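Next come two complexes built around subunit A: one with subunit B, the other with subunit C.
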Partner chain A sequence: MREININPNQLSSFNGGLHLKHHKTDTLNEPLAIASIPDKLYMSLRINRGNISKPVVSVGDIVLKGQIIAVPDSPNGSYIHASSSGIVSAITTKQTASPDTDFATVVIITTDKKDQWCQRPLIDNIEKLNSQDIITAIKNAGLTGLGGAGFPTHLKYKSENISTLIINGAECEPYISCDQQLMIDFPQQLIDGIFLMLKASGAKQAIFALEDQVGGIKSKLEKILAEQNINNISIIKVPTIYPAGGEKQLIKVLTGLEVPSGGFPINLGIIVQNVGTIKALNDFIKCGQPLIDRVITVAGDAINQPQNFKALIGTPISHLLELAKYNPKNTHKIIIGGPMMGFAMPHTDIGIDKTSNCILALSKENTQQPADTLPCIRCGDCVNVCPVNLLPQQLFWYIKGENLEKAREHHLFDCIECGACAWVCPSQIKLVDYYRYAKSELKYLDFKRKKSDLSQVRHNLRDERLQRLKDERIAKRKNTKLRTGDSAKIKRDLQATLDRVKNAKSIRDNQHE
Partner chain B sequence: MQPIFSLLIISAVALIFGFIVMWVSKKFRVEGNPIVDQINAILPQTQCGQCDFPGCKPYATAIANGEVPINQCPPGGDEGIKQLAELLDLEVLELNPDNGDEKTMDMVVEIVEEDCIGCTKCIQVCPVDAIIGAAKQMHTVILDACTGCDLCIPACPVDCIITIPAPMPTTIQRLNKPTLYNYINQAQKL
Partner chain C sequence: MNNTLFNTQSAPHIPNKNTVTKVMLTVICALIPAIMAHIYFFGTGLIIQILISVFFALFFEVISLKLLKKPIILFIKDYSAIVTAILFALCISPVAPWWISFIGMFFAIVVAKHLFGGLGQNIFNPAMLGFAIVLISFPQAMSVWLPVQEISHYNMGLLDNLRAIFIQQFPSSVSFDTLTQATPLDSIKTGISQELSISEITNSPVFGNFGGLGWEWIANFYFLGGLFLIYKKVISWRIPVTILLTTVVFSLPFNLYNADHFIGPIQHVFSGGLMLAAFFIATDPTTCCSSHKGLIIFGIGVAILTVLIREFGNFPDGVAFGILLMNLSAPFIDKLTIPQAFGQYE
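After this line comes the complex of A and B, so read on.
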């Protein structure tokens, strides 16, 4: 196991990055609001890119708050719980708040507003829990990373060699302040949650990373740590550079180590967890509440009262927009996620999911007009800002020319889609769209390649089988021939039989007469 | 004397190397034509026979022997032709329309099970053994193994085989390629 020592005075840095306006103070001026229960909950069964859980309820069922409504059908899946009590009114395929607003199975619950809990799994001896118990609890709570990618949390705790737990409180995208709000309102729960995570992972130290633009949170947390005499959690402020909150970038800043290409932080013995995930684990262990709500920022210049909401998973976007008093006339674009990595929503009848950290409602003046894309002049500005040291202009070149394999060789799959390259591009090329297109196409081509390999194997096996059957037939015929090989004898036998038949016939004819 | 001596030495050396080359060519002999396998790896392995050959391997062999052009594989499409041209250092050709059109969407077949009479005719023609069933028993298609070659459709006496979009893992979502430069598109419209 690698020892990781971090010196807060000597932090490393990653290549490029952007200094962006924060736009966070508006939402943080207001206290955290509890969003009311909406009439309908749209529970998306899509967890992260791809994995869709299997529903275990059917239309007309009465569900209670916290009841499991979907189970994973692959190890990469996760449980999904009903956010509130009510009746399952439909299970359909609908657009979801996931990237690309993909279609996925959605369980629609018409709420009864009673918010009636199901039997909560209460744990008595929290002190006595061992690592495996906590990992099981993580799985049962349906925890996924609340930062963005939605990676099922329990999968991160498979390795034994974990030395460091990094708590990601660096929220680098403009407008989004849900994690900051969480740290202001629930510091004690976070510290308790970190203890549970440390126990689950077996890590010796935890590092709580914050951006240096946040005020007051560090001293608050340090006060709690000092009061309780805790010395294996250290709080470190990192420079506010977009995308310092990406887990690989955060690791680079804190430790100077780079996650290998195609690898995960676990390869370095590190686990990175979002603060929201930590709080959700604490909620499950202490109160038996699975992951059914999250803090979400509602902001943008078309919102009259920007605020952070504690909202149930599945709450429709329209409900939250109304609570934040948005101006429908002024709204030009509604985005889930931040302005850099978010996705425009086609309509507001979509429920938020576990990874939705922000709803942005932007007016026309504040939305980039897509009409002025110009050719690439290969200025190289994108290379200077790329936080993962790629060559964005070269990747664009290859993808434009449909040379996707070449793009793969240039480490397309290491792209974190942060959007920094597109942000600085003087020709306003939507570079990230190209990378996402190429990634999807390469995945598809890989799938087809695999399928064609399988077909070849099946075809060869079939050919072999047909050949074998043919050989067997020939062998059998040969065998028969061998047994009756003497042609003179066959002729004799045949003649004898014919004679016998003739005889019998003539005798019969005679008798008739 | 000297020229004869050097001639002898050179001949002896040549003889020795000749034996070495002979031995190496026997020891490391490659069975079959390796280029056939390379071509075969590019072909989509649908085994559909649209190229007028009874499968992908025979077509690959014919291409390797230079008997046929590389534009006779509709399932491989333009992408496949491009790859073949690159491998064989040939010119990129348009797909031959006589062999059929490239499908815009991946399709597989499905048996309408109420209508199936259990004649096993489709099982006999399926090149990848993707149909299971027995005489006078209902048949069904293994969707993940079906290549969409459509060979079973004409074989069915009761027309109970239909094409459906191929099932995809949920992790694969194809996106559209972004339009290149808006001003070019606008100029083309004007």
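After this line comes the complex of A and C, so read on.
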């Protein structure tokens, strides 16, 4: 196991990155609000890329808060619980708030506003829980990464060789402050949650990473740690540079190590967890509440009362926008996620899911491109900001020329789609769109190649089989030949038979006469 | 309610306000101090040259865009043709005939830029290609330079400059001899061919403290403008720093070996177009390398070629050829210097 030593005075750094305006104070000046129960909940069954849970309720069923409504369909799946009580009014394919704005199966619950709980699984003797118990609890609570990717949490705890747990409290995208709000409001719960995660992973130390722009959170957390004599959790402030909150970038800043290309933090013996996930685990172990709500930031220049809300999973975007008093006339774009990597939603009748950390309503002035898109002038600004050391302008060049394999050679698949290149581009080129296109195209080509390789193998096997059968037939014929002797003998035998028949025939003819 | 009510364009949703136009305008601003110094030392000819070049550049730009059926207004607004024109005008003599700009801009805009695919697609730096063509084709017209006004017994006014540029008539008091030996690098080249030593040549009044008289000051202002561009992050420090350092390091041994025959490092740096090229021309992003390592190789290459051409070639200054040759090599350098991506370690 690799020992990871972190010196808070000697942090590492990654190439480039951006210094962006935070826009976070508006929401943090207001206290955390509890969003009311909406009339309808849209529970998306999509977990993360390609994983969809299987519904176990049908239309007309009455469901209670916390009841399981979908079960994992594959080992990479996750449970989904009803966020509030009511009736399942439809199960249909609908637009979801997932990062790729896919359509997916959605269970629509018409709420009865009674918010009636089902039987909650109460866990006694929390101190006596072992690692496996906690991992099972993580699975039963339907925990997925609340930071953005939505990776089912229990899958991260498979390895034995985990030395370090990193708590990602670095929200590097502008506007989003939901994690910061959690750290301000629930420091004790977070520390308790980290303890559970440490136990589950077997890691020796936990590092709580915060951005240096956050206020008094560090001292608050450190006070709790000192009071309770905890010394395996350290709190480290990292420079506020976008995208320092990306897990690979955060690991690099903290440890100086790079997660191998195509690999995961686990390859270094590290697990990275978002603070929201930590809080959700604590909620499940302490109060038996599965992951049915989360803190979400509602902000943007078309919002009159920007605020962080504790909202039920599945709450329609429109409901939260109304609570934050948005100005529909001024709204040009509705974004789930941050302004750098978030996805623009076509309308607001979409339920938030476990990964939705922010709803932005932005005006036209704020989102407008300052000029028309021009050809790339190869200024290299993108090279200077790329946090994964790519040559974005070269990638663009190759992709535009449909030379996708060249783009792969230039490490296209290491791109984290942070959007820093597109942000600095003076020609206003939507670079990330090109990279996404090329990645999906290459994946498709690989799939096709694999398929054609497979059919080539099948074809060869078939040819072989036919040849074998043919050989067998010839061999068999040879055998018969051998058994029946040489051809002259066959000829003689045949002649003899023919003669016999002739004789018999002539005898028969004679008898007739 | 499934219809699209909001704009769904992809991220980033809050664009940065940087544009190509702003980049080009910053470059023009950074050139202003040097242009002022140029006018102070060599008179108003430069203003006329800039105006002529800009006029022809835009003229050819519009024609090319029209023939290629590209949006004219969109591409005129990027100011890249104007930057090309100003850089070209700064390279040629302030009293060069008007058709030098015409031909130079034709090759810069039509051949170097649009025939290769327009903005961002060109292999050669347009200003340098245009300059190299006129330098090779019309050596006589290109070698006519004015002496610095301080040492000249007759200062050409605006009208004199106009007459010189448009009808090639010089005031009778300006002799042809002073006109053709006015640039320091020219006089060194001619001096060496007459077997004079460098120290003898640099006694001539066209030389100042460490470069050409006046030239060294213009170079200082290019340096200042270049620092401004680095500060504004329009250019990277890599090319200018490597060009200047390599010029010094590479020319020093020659100078130490035979100081009478080879120009000293400081003279190299402050003469001719080196400072202009290091900060404003070699740094043209379209035609240089893309990786950080590539930029350094590019800068070293430009400097070595420049020194070699200046010392051993037929032309007094080699910066333009150095840059064009490195422009040609840039794609190959790029191929060999693909940076290691994050996590792509062995």
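Structure notes:
We adopt the following convention: the second predicted complex is superposed on the first by the 448 of 513 C-alpha atoms of A that agree within 3 Å, B and C clash if a C-alpha of one lies under 4 Å from a C-alpha of the other, contacts with A are read in each partner's own complex, and residues count from 1 in each chain.
Assume a contact is a pair of C-beta atoms (placed from the backbone, for glycine too) under 8 Å apart; a residue touches a chain by one contact, two chains touch by 3 or more.
Bear in mind that the values here come from a model prediction, so they are computed numbers and not experimental data.
In the superposed pair of complexes, A:F447 makes contact with subunit B only, with no contact to subunit C. Once the two complexes are overlaid on the shared chain, A:L64 sits clear of subunit B and of subunit C alike.
In the superposition on chain A, A:D433 makes contact with both subunit B and subunit C. Counting residues of subunit A touched by each partner, subunit B versus subunit C, the larger count belongs to C. In the superposition on chain A, A:K400 makes contact with subunit B only, not with subunit C.
In the superposed model, A:L374 lies in contact with both subunit B and subunit C. After overlaying the two complexes on the shared chain, residue contacts for A:L32 are found with neither subunit B nor subunit C.
Applying the stated contact rule after C-alpha superposition, one finds that A:I224 touches neither subunit B nor subunit C. When both complexes are overlaid on chain A, the residue A:I184 reaches neither subunit B nor subunit C. Overlaid on A, the two complexes show subunit B and subunit C touching the same residues of subunit A, namely 370-372, 374-375, 430, 433.
Residues 46, 49-52, 100, 102, 104, 370-375, 400, 430, 433-434, 436-437, 440-441, 443-444, 447-448, 451-456, 458-459, 461-462 of subunit A touch subunit B in their complex.
Across the complex, subunit B meets subunit A through its residues 40, 43-47, 55-56, 106, 127-130, 144-145, 147, 168-178, 180-183. Note for the complex: subunit A touches subunit C at residues 14-15, 95, 101, 174, 248, 252, 258-263, 331-335, 337, 339-349, 360, 362, 366-372, 374-381, 383-384, 387-391, 393-394, 409-411, 414, 419, 422-428, 430, 432-433. Against subunit A, in their complex, subunit C makes its touches with residues 1-23, 74-75, 77-78, 80, 118-121, 233-234, 236, 285-286, 290-292, 295, 334, 338-345.
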